[in-house]
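Each of the next two complexes has subunit A plus one other chain: subunit B in the first, subunit C in the second.
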Partner chain A sequence: MRQLRTSIVVAIAVITGIIVLVGYFIELPVLENLRIILLHYAVIFIAVALIVGVVNLVQVHWKKFQNRQPGGVYSLILIISLLVTIIVVGYFGPTSTPSLWIFSNIQIPVASSLIAVLTVVLTYTGVRLLKRGLNLFSLLFMATVLIVILGTVSFQGFRIPGLSELRTWITQVPAVGGARGILLGVALGTIATGMRILMGSDRPYGR
Partner chain B sequence: MNYVYLLNIVDNGILGLGFVLLFFFVMIISAIIVRRRDEPLLREISTYSKLKRSINLAVESGQRLHLSLGSGGINYMQGGSALAGLSLLKRLYRMAGLSDRPPVATSGDGTIGVLSRDSIRSVYDEVGVREEYEPTSGQVSGLTPGSYIAGTLPVILDQQVSTNILMGHFNSEIALLADASERRGSLTVAGSDNIAAQAVGYASTENLLVGEELYASGAYIQANTMHIASLHAQDFLRWAIVSVILVAGALKLAGVL
Partner chain C sequence: MSVFDLNNLDLLGTVLSFGLTLIVFSFIFGDNLLFRFAIHVFVGVAAGYAAVMTWYNVLLPEIAVPIIGGSQAERFFALLALVLSTLLFMKAFPRLSGWGSPVVAYLVGVGAATVIGGAVLGTLFPQVLASINLFDFPGSFGNSSPVWVQISNAVVILVGTISALIFFHFGARNRHDRHPERAAWISAVARIGQIFIAITFGVLFAGVYIASMTAFVERMTFSANFILLFFQL
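And now, the complex of A and B:
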């Protein structure tokens, strides 16, 4: 019985995937309509999954608070903040003054703080890369970073001659070439993952 | 005239469908060849060798593995990297799910969260210990890239994690996760579909999965026929694309195109 259920689930996933994929490439009205209907269903499922995600988030943090795990107090703060935000936005509306106040005075400063911490961590990471052991690639990496940074900024109006041009060449020629090469690999990897799922040999959705 | 005709074909998507079909046929042919071989023909990726060793060590020493699936959803192209991560998640659970500290998966998207819990539950079903399943082992840590990082950091710092596998869609914030992992002395394996995250990952960790290496986890950790076949198909088509680019470049230089 379980095997049959698994087969049905796989069949639905594979057929749906094939319809959406072929409908994307071939302009057949029947296929196009079917594809749009399936994508609308997908959007609804994604919205439901978002709610499930929020419930899971609360579940994880409530358990953490209940079990008195390290940082449990922060988990309680998160749950209270979430409830307050839902009540405020639900009651006043998402574009109301109280909702925008929460967004501007809490969410944006918190996100900005994270970016500030990231800046420090990235600088430290660069230093750690050099400490980890010098090799040709790490030297090349750091030299490129320095050239790009120094070529971007000026010191009270003074620019090192030729550095800006070198920076432009690096960002427009080798960096773009390398990035395209990597993206090509990523695209092929994504197609391979999709093909395995369409063939039912890779199932990230149960048995 | 021929050039315009070719462009029209591209616009109609026939070329795209043809490429996907070509990929499919190369995969099938590769699968037949792989089945005939005794040993899979795979180039050495040191990161996967280290990861395999680390998974075995974690199982033996009862330490936790953490798989971070990133903040991309499956409704965008970034979902591909998270799906590759989900495939690894199943394998991790098959290897270490019954240990004292089963692996934990974190994600920054509702759908990936649902899929991660479904994948974990399916492994417990397979081995007949459904009652051992914990819904919190597949966590949604935050629903925006920033909140996801903030929610995942405590998992890395507080849950005695021996290996952190960062496999999914990240931005440059991946540095915060990698830094936390390094500070805890855990093995960090990082791979992302995002160029910025890969650049930051190169500086943050010694074990970076570059480009398509991220999608090869199934072939290297699971050694499944279709995973290996898809890897061979990727390699074949990459060389085909490189050849087309070189020929097109030469033709352009010659003034033919």
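And now, the complex of A and C:
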């Protein structure tokens, strides 16, 4: 019985996957329509999966608070802020003044401050890299970082001559070559992983 | 303008915004209670907002509205979606999670196919075509550059692309009583690829650094304006 259930689950993944994939490459109206319907349902299920994720977040943090684990108070704060947001945004609507107040005065300041703190973290990381034994690659990395930053900004209107042109060349020639190689590698890896799922070798969906 | 020109809600919002900015900045001196408080509030608000947006933008128009006021066919499709969504929702409860596996399998299958389609049509073909077009003179680097500059740039990009790609080839020959190693020529080309990858990551790092610096300046300007407003009392 369990084997039959596993086979059905694998068959669902393989069949839906193959229909969608074939729909990308073969122009048949039936396949095209079927692909659109399957993708439409997938969008709905992704939305439900997001809700499942939020429920799971609450469950995990509630357990943490209930069991008086370290940081349990923060878990309670998270749950309260989540529920208050759901009640306010859900009741008044996402574009209402109270919802936008929450978004503008909590979400945006924390998010942009976290990005701002990244400046310090990245500087610290760069200094640590310099402190460690330098090799050709870390030296190239740091030199590129400095050239791109110094070539982008100006100091009260002053620019180091030639640096801007060097920055343009680096970003448009060797960096493009490297990025293209990385992108092709990622694409090939993605295709291989996807094909393993469509062939039923990888089953990341449980029994 | 002084703080009294703002209405109460705006004033509270500005104070809250300033306070949260300071709390997040306190992380520069190390992890602390206030920072953890702010992060947990942030995660809670973000998750709550995302859940409500999902309800308003997807679940309400795609399931609730068709069931209540749709045609026969729309009602059927929405009901089917509701049944399958309920199965998927059971994933939130460990005892019932097995019921959600067919829907997760559906998602994984459709997701894998979409990702393959995207990788082939959105990355593989365009990037290979762009590499070929590098040698379509004149025009690759603008008509103003001399042809020899265009050729050398195209060669550098091509060498970078191939060597960076080869760097990610980790296939190795099994050698008798010695560690498996990559072929000598692959190792040599991979080292050239490493140079290009280091330059690429350097450019990406600098881009992120400049972006974060912009956010830093924006937050500092906001904080300075807030303090100036406050002392104008």
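The rule we apply is simple: the second predicted complex is superposed on the first by the 206 of 207 C-alpha atoms of A that agree within 3 Å, B and C clash if a C-alpha of one lies under 4 Å from a C-alpha of the other, contacts with A are read in each partner's own complex, and residues count from 1 in each chain.
The rule we apply is simple: a contact is a pair of C-beta atoms (placed from the backbone, for glycine too) under 8 Å apart; a residue touches a chain by one contact, two chains touch by 3 or more.
In this text, all values refer to a predicted model and were calculated from it rather than measured experimentally.
Of the two partner chains, both subunit B and subunit C are touched by A:Leu118.
Contact with both subunit B and subunit C is seen for A:Asn56 once the two complexes are overlaid on the shared chain. Contact with neither subunit B nor subunit C is seen for A:Ile160 once the two complexes are overlaid on the shared chain.
In the superposition on chain A, contact of A:Phe45 is made with both subunit B and subunit C.
Using the contact criterion defined above for the overlaid structures, shared-chain residue A:Arg132 touches subunit B, although it does not reach subunit C.
When the shared chain is aligned, subunit B comes close enough to touch A:Ile26, but subunit C does not. Look at A:Phe141: by the touch rule set out above, it reaches both subunit B and subunit C. Applying the stated contact rule after C-alpha superposition, one finds that A:Ile36 touches neither subunit B nor subunit C. Look at A:Leu183: by the touch rule set out above, it reaches both subunit B and subunit C.
When the two complexes are overlaid, the chain among subunit B and subunit C that reaches more residues of subunit A is C.
In the three-chain superposition model, subunit A touches both subunit B and subunit C at residues 21, 24-25, 42-43, 45-46, 48-54, 56-57, 59, 71, 74, 110-111, 114, 117-118, 122, 141, 179, 181-186, 188-191, 193-195, 197, 204-207.
Residues of subunit A touching subunit C in their complex: 8-10, 12-21, 24-25, 38-57, 59, 71, 74-75, 77-86, 89-90, 93-94, 99, 101-120, 122-123, 136-138, 140-145, 148-149, 152-153, 170-191, 193-195, 197-198, 203-207.
Listing the residues of subunit C that touch subunit A in their complex gives 9, 12-14, 16-18, 20-21, 24-25, 27-28, 36-59, 62-63, 81, 84-85, 88-89, 91-92, 97-98, 101-117, 119-121, 123-124, 127-128, 130-131, 141, 153, 156-168, 193-203, 205-213, 215-216, 218-220. Taken together, the subunit B residues at the contact with subunit A in this complex read 12-14, 16-17, 20, 23-24, 27, 73-75, 77, 80-81, 83-84, 86-87, 89-90, 109-111, 113-115, 117-119, 121-122, 125-126, 135-136, 138-144, 146, 149-151, 154, 158, 172-173, 175-176, 178-179, 182, 193, 195, 198, 200, 202-204, 206, 210-216, 218, 224, 226-227, 230-231, 233-234, 237-238, 241. Touching subunit B in their complex are the following residues of subunit A: 21-22, 24-27, 42-43, 45-46, 48-54, 56-57, 59-60, 63, 69-71, 74, 110-111, 114, 117-118, 121-122, 124-126, 128-129, 132, 141, 179, 181-186, 188-197, 199, 201-202, 204-207.
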